[in-house]
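First chain written, first letter: the chains are A, B, C, D, E and F, and each begins at residue 1.
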Amino acid sequence: MATLPLIEYEAASAEVRAVYDEIMELRGTDWVNNFWKALANDPATLKRTWESVKQVMAPGALDPLTKEMIYIAVSAAHGCPYCINSHTAAARTKGMTDAMLAELMAVVGMASETNKLVTGLQVELDEAFKDGGRK
Amino acid sequence: MATLPLIEYEAASAEVRAVYDEIMELRGTDWVNNFWKALANDPATLKRTWESVKQVMAPGALDPLTKEMIYIAVSAAHGCPYCINSHTAAARTKGMTDAMLAELMAVVGMASETNKLVTGLQVELDEAFKDGGRK
Amino acid sequence: MATLPLIEYEAASAEVRAVYDEIMELRGTDWVNNFWKALANDPATLKRTWESVKQVMAPGALDPLTKEMIYIAVSAAHGCPYCINSHTAAARTKGMTDAMLAELMAVVGMASETNKLVTGLQVELDEAFKDGGRK
Amino acid sequence: MATLPLIEYEAASAEVRAVYDEIMELRGTDWVNNFWKALANDPATLKRTWESVKQVMAPGALDPLTKEMIYIAVSAAHGCPYCINSHTAAARTKGMTDAMLAELMAVVGMASETNKLVTGLQVELDEAFKDGGRK
Amino acid sequence: MATLPLIEYEAASAEVRAVYDEIMELRGTDWVNNFWKALANDPATLKRTWESVKQVMAPGALDPLTKEMIYIAVSAAHGCPYCINSHTAAARTKGMTDAMLAELMAVVGMASETNKLVTGLQVELDEAFKDGGRK
Amino acid sequence: MATLPLIEYEAASAEVRAVYDEIMELRGTDWVNNFWKALANDPATLKRTWESVKQVMAPGALDPLTKEMIYIAVSAAHGCPYCINSHTAAARTKGMTDAMLAELMAVVGMASETNKLVTGLQVELDEAFKDGGRK
């Protein structure tokens, strides 16, 4: 269990309930997941994090499914089981198939291998790649 | 500089040259980047890694640009400057704009923040997210 | 369960018991936690690690509670559930409140986000920050 | 250099300038560091990140210096040279001495060692530490 | 449980069964572990990964036991419980004793401590160590 | 440059000089590398870390070269350029050839790939591997 108590809706302040209500409305659910209940110990952190996630994950130059897959990739790289499971579930609701997940993980694995080969051998960056190829 | 010598084309064995030739042909370039030159110290590793990258990054259930962006995300999470720069350059050649890169990084940053919040507070996985929402 | 057997007091050598006795005395407890029982497979590692922890966590330029909170932050960054739980418990006994833990985690999360943004975008260090601002 | 262009004040939009102005005013400086200039490619990310940092690093249950030291600890754990240098510089302006920095790093190092020992040996959490000692 | 279904032998395609058969034959077992059953959702990834593992872990300039211990060290550094347990088991079948495992972990812990001390203090590389001491 | 000043021999206290003398004697060199000069800001940390490294890296159940290679593997996994370069140099003086280094890195890369695949897919540990195969 979490190292801070989970704040349930019934016990929550009006400020916290307002965030919970928005989460449930935006997702079309009648429950709030544990992550937010843990953050609710500090209402300012709860509100700020929710506002940030809403902004970052909204459609923009990248579509929401691509963003979810990037989220999964980062969570796999960092080793966060809660995040991997919850964002895999979210990506599925946005259209990710098993085949897409399998390929996503193949890229994550491949990138991890070459990341460590390059680092372990201290390979120097090629001139052409400097600034990420920005001209 | 790398902790192993970089094997230049002129000094390379036929086995290594065959891989270099394929890399240049597939990319339409007349040069090979340092990563492969470092791996070439062990021709079996060079060939295996190249074959793997070719397979993993090919179009499939995910398109090549999405795969490049996932590669960048993982490389940012792991902190590999060579990989970040080289795959940012590669993603640009496949159509990634500055706006897409900025949003990609916003997702990487956000995921990193929530990854550590969940982990640091040891939040327990909700029943609904178990198995990544797989039914 | 651990990949090495846990060495219980009854089965321990005199050398190991001496460390266990000191741990219990310093902490005012009548038990030793699993970490030390696992290390006890190699008495030299047990003794060295205990002596090191004692020295590092003692009051000095930083007070013990601040040190415990830094320990939690590092354990959250690395993703070590055992360490997060045990040092959160230790920090509580030294006066850490829920409000302090919530703020500590907010900083850990924020730092993680900006760490990855800076790394992912390969931002160059400003002249003024070189050497950590050391003059 | 960064993989996105740095947005200088002269070339910035009114929205970006407003954030830059606030950063300089709050810090009492006449310049803005590169991190913000890179984020400014996406004004929404710039504004959100600045508002978040301001909120998280403000005095609260923890004082600003302790927060800076936690920031350094996380940045050291993740290996972000820009972050380590810039927050070490910031912590110095808030009163961190060389002796405090040396002890901070000793804790970071010690935590890293025990994190990996516990993980590598897969030591099971003691009953007493569950939920971070929360009753 | 895994976020992709585990493909059991009975339900597997001929292509997948061929890999499973080879795994069991090489290891002298009548079962296949979950890792491969998860990868089997993408037969190309299964085959490629198995071929790679076989090549990398074969006797060469390093013996198989040393390779297994390096595998454990990396898995401990990255925090992958499945990998730590499975490769510790594999190393034991190749002759790793408890004393060897205890020393292996002592090195992993020590390296982790000094890695973070060097990084956290941003120590500059000595001239003599450049290129990994390569002349 | 480092965020703490490097303490040169001429400016060092007797306590620090004693450690420096021992480092140079044991290694048969007339210089001390920057890592120790940075730690010397806190003589207790310098002495403790040196004693620990000496103990951990001494011949035991594992030989010194194997230990150096494990050190490199962990440093590559964590991404510490100073550590990678200095321990690669140290391993060379103990007999590591280019072929051994290439294979070591192949294992590090492979382990990194499978670490992330297992984690990203949340594969459950097989019964047979529990406790690292300990009976």
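Here, a contact is a pair of C-beta atoms (placed from the backbone, for glycine too) under 8 Å apart; a residue touches a chain by one contact, two chains touch by 3 or more.
Every value quoted in this text rests on a predicted model; they were computed, and no experiment measured them.
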**Prompt:** Shared touching chains for subunit A and subunit C?
**Reply:** B, D, E, F
**Message:** Need the most distant chain from subunit E, centre defined as the mean of C-alpha atoms.
**Reply:** D
**Request:** Could you work out which chain's C-alpha centre is the most distant one from the centre of subunit A?
**Result:** F
**Prompt:** Counting shared numbers against all numbers at the contact of subunit B and subunit E, is it over half, same, or under half, different?
**Reply:** same
**Message:** How many angstrom lie between the centres of subunit B and subunit D, each centre taken as the mean Cα position?
**Reply:** 27
**Prompt:** What is the distance, in whole Å, between the centres of subunit B and subunit C, each centre taken as the mean of its C-alpha atoms?
**Reply:** 33
**Fill in**
Cα centroid separation, subunit E vs subunit F, in Å, comes to 20
**Message:** Which positions in subunit D are in touch with at least two other chains?
**Reply:** 1-5, 45, 49, 52, 56, 73-81, 84-85, 88, 99, 101-106, 108-110, 112-117, 119-122, 130-132, 134
**Prompt:** Which of the residues in subunit B end up touching subunit E in this complex?
**Reply:** 1-5, 44-45, 48, 51-52, 55-56, 130-132, 134
**Item:** Contacting residues of subunit A [partner subunit F, same complex]
**Value:** 72-73, 76-77, 79, 81, 84-85, 104-106, 108-110, 112-117, 119-122
**Item:** In the complex, subunit D residues that touch subunit B
**Value:** 3-5, 41-42, 45, 49, 74, 78-80, 131-132
**Request:** Spell out the part of subunit E that touches subunit C in their complex, as residue ranges.
**Result:** 79, 84-85, 88, 98-99, 101-103, 105-106, 109, 116, 122
**Prompt:** Okay, in this complex, where on subunit E does subunit F touch?
**Reply:** 1-4, 31, 33-35, 38-39, 49, 52-53, 56-57, 60-62, 66-67, 69-71, 73-78, 80-90, 92-93, 97, 99-104, 106-126, 128-134
